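Have a look at the structure that comes next, please.
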Amino acid sequence: MEEVAPAFETALEAKGLVKTYKRVRAVQDVSLVLRRGRVTALVGESGSGKSTVAKLLARLVEPTEGEILLDGRKVRRVREYRRKVQMVFQDPFASLNPVHTIRYHLTRPLKIHKRPETPEELMERVQLPADFLSRYPYELSGGQRQRVAIARALAAHPEVLLADEPVSMLDVSIRLGVLNLLLDLKERLKLAVLYITHDIASARYFADETFVMYGGQIVEGGDSESVTQQPAHPYTQLLIESAPDPERSVVALDAPVEEVAAVSAGCQFAARCPKVQSRCWTDAPPRSDVGAGHWAACWLYVEAAA
Amino acid sequence: MNFKTRLGLGILGFFTLIAVVGEWIAPYDPSAMGDDLLSPPSGAHWFGTTMTGQDIFSQVLVGTRGVMVVGLVCGVLATFLSILVGVTAGFLGGAADEALSMLSNVFLVIPALPLIIIVASMLPSADTVLIAAVISLTAWAWGARVLRAQTMSLRRRDFVEAARASGERTWRIIVFEVLPNLTAVIASGFVGTVIFAVMLQITLSFVGVVSLSTWNWGTILFWAQSNQALGQGAWWWFVPAGLCIALLGTALALINFGIDEYANPRLRKVRA
Amino acid sequence: MTFLLRRGLFYLITLWAAITANFLLPRLLPGDPVQAMITKLGGRLNSDAMASLYILFGLDEKKSLWEQYVDYWGTLLRGDLGLSFTFFPTPVADVLSQSLPWTLGLVGVTTVIAFLLGTLLGVYAGWKRGSWLDTLIPVTTFLSSIPYFWLGLIAISVFSVTFPLLPASGGYAAGLVPEFSWEFISSVLEHAVLPGITIVVSSVASWILGMRNMMVTVTAEDYVLVARAKGLSQKRIMFAYAARNAVLPSISGFALSLGFIVGGALLVEMVFSYPGLGYVLFQGIGAKDYPLMQGVFLVITLAVLVANLLADVGYLLLDPRTRREG
């Protein structure tokens, strides 16, 4: 596997993002880069902070610390930022307003961002018939609604698409269709896509690069093939073992938030790690290279390198 | 729509009609004195006459308009205020919410009746519209409280976040995304306010702090009370107006149940 | 504890708002009725009484609004509410202290009865939803739509005029002297029956409805279903599981609607010429007696706030969550 080719230019870059809610640190020092024409997966269980990362990148929540660079610069005006960065939400049953027609949902962003396209064109792009435009959300199936949500995000003509578990609420039978639609759009529109999921198997299929989050931190990252086939971090290994098929979720791994937040100094995963060492409790592990562009934040690999 | 709601709408429609045409179909001038003094209901005077021979049926018919106008004006004004305060507080949260909630709770807790009595009696001319405005100032708080709670539960819904993410401005989100989802709550608040305003206006007229030059159901009761209709056994003097108030109030309450049941499916009749 | 402190602070702010409104109203609204009254009473006022009326009603225009406000507070804190024009030259504070016990007794007792009765009936109606009890709803709706004072008029016409069973007006029989004797107390009770029943009948409906709807909502909750599945007795589930949770919003509602109920009760007092604050207020309206009307407003506000505080304590005792925090 090669290094990321320079052809894929950086669209969005997050540096050292921290988000603290009262006492809980939801996101701790997260840095990542989204490139045009590439899909980056962010994998983690519920409570890992991955959805907070999406909201931070969509600027729905202000970060406590850190900065977000769009095309290499800080964008002060939120509307200008939203023209380039759009988001698709997890639950298509909640993300469309029940009182508005599909046409309204698509016309608004076109108007806000002064785009020349018509709602009909957007519907065609997400492979929905144009006569759905006069319908209300409750008249559509989950998959159809999610396509509408994607069309709405595309209306602004964005560079970056943040997809927060876009298929987890959909029937298994239609998930692939929606994922393929996203892949196709990414190719045609040269989108930088952030794909947030709890399902590491789908990350392998769908994403070029994969990051694994635990306890508000990214613990492992690299190209999807090596992260999913040769997982280095004990947590990633556990994730893959416990979810052999994409249908099974990782509920067994869920830890109460308090427990996660309790570890302050050392490695967040220490309490549940099968290979825990004494220093894991006291010192945060640095990132170590475990392959070409593949790294893990774990003391196991510091030994190996030394 | 169930029977109760239809009944409520029917009664309301009837009174609205009377409010419009009452002045023309009234058989007598309500203020004109006649020769039949304090006579019980008869063919000539369906609801009987007063001490001075005025026709009570005509007074009730003509007085309907004043009642309905105050109800409507207050309903509109107070609902507008409650939306302004309640939805803003619920949507913005934080310090703005604290301050606005405090304001509406203060208005809720302070006993409105004595305060309005003082204001109304201090005003040099307490005509219908002015009274309606004063009543509105005390009637918005309950609606604001309910709307705030509903807005808070809507605020974190994904479609509001999605509207923000697609670049909508805050005022547009409040007006076009949140408000349409509150229609049932706003409607029921409106109806509740109308009940409150009608009761308060009639009370103020009965107590005698409002101008007695225009007729409404409360002024009929005021004259009945100040002429000791009770002691003279002239039940027809105060029964019709009171029954009209109760009927109108019941109609509005029934409409409100209809709205509540529509909005909260759990209250709907259990299906057999 | 923080809960009660927060509430206490809120009541203080409310009281401040009521007093400030009282201060501002005569200064903002056009017309000068108090000045007219003082002119009319002329020489019969001594200089102290004159000064306090000037301060209470802002006739002293040489001072700035802020100075007037400070003076106003000073006067209030001394317990000086001015002189009543109706009961001239009795100070308003004296008039109020004579009538307050009557109102507290009548309104306090009837409100508690209406709340308990209405809650109990509401629990039952909500539990037995779909039975004949549902026919209670239109009836209670109709009753709650009747103005308090009109129901009082009907009560007088039926039970005092047509069938002279109970006295129609006053707090006790004329000719009796207030004292701790059976004769006096029985007369007081006899006179309280009609106004009391009037208040209970017209206020009970809203408690029944509110409680019924809460019960309907609560009985669909999982913990009630679980209690049923466990095979607990109906009565136990109804009271220990459903009603206990349904009553909490009813108590907060109680606190908030108290101002409204008291307003209605004042009207009942007017109709029955009951010697409480409502009747005093009624007499004040007729004579445009602003010192008296404003005094009644302040005292009622204070009473409602204290009752609210009591309701908060009740809430605290019933709700385990707030208890643990405290």
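A, B and C are the chain letters, set down in written order, and residue numbers restart from 1 in every chain.
Keep this in mind: a residue touches a chain if its C-beta (ideal position, glycine included) is under 8 Å from a C-beta of that chain, and two chains touch if they have at least 3 such contacts.
A quick note: this is a predicted structure, and the numbers were derived from the prediction, not measured.
**Student:** Skim through the chains and flag the pair connected by the most C-beta pairs in contact.
**Tutor:** B-C
**Student:** Closest chain to the protein CA centroid?
**Tutor:** Chain B is the most central one.
**Student:** I'd like to verify one number: the distance from the centre of chain B to the centre of chain C, where each centre is the average of its C-alpha atoms, in whole angstrom.
**Tutor:** Using C-alpha averages as centres, the distance is 21 Å.
**Student:** Go ahead and note the Å separation of the Cα centroids belonging to chain A and chain B.
**Tutor:** Spacing between the chain centres: roughly 52 Å.
**Student:** Roughly how many whole angstrom separate the Cα centroids of chain A and chain C?
**Tutor:** Roughly 58 Å separates the two chain centres.
**Student:** Chain C: which residues touch two or more other chains?
**Tutor:** none
**Student:** Where on chain B is chain A touching in the complex?
**Tutor:** 157-159, 161-168, 177, 180-181, 183
**Student:** Residues of chain A touching chain B in their complex?
**Tutor:** It is residues 55, 58, 60, 78-79, 82-83, 86-87, 89-91, 94-100, 108-109, 112-113, 149, 152-153, 155-156 of chain A that touch chain B.
**Student:** Provide the residue numbers of chain C that touch chain B in the complex, in ascending order.
**Tutor:** Per the touch definition, chain C meets chain B at residues 10-11, 13-14, 17-18, 21, 25-26, 29-31, 33, 129-130, 137-138, 141-142, 144-147, 149-150, 153-154, 156-157, 161-162, 168, 213, 216-217, 220, 255-256, 258-260, 262-264, 266-267, 270-271, 281-282, 285-286, 288, 290, 293-294, 296-297, 300-301, 304-305, 308.
**Student:** Please give the residue numbers of chain B that touch chain C in the complex, ascending.
**Tutor:** For this pair, the touching residues of chain B are 4, 102, 105-106, 108-115, 117-119, 121-124, 142, 145, 195, 199, 202-203, 206-209, 221, 224-225, 230-231, 233, 235, 238-239, 242, 245-250, 252-254, 257, 260, 264, 266-267, 269-270.
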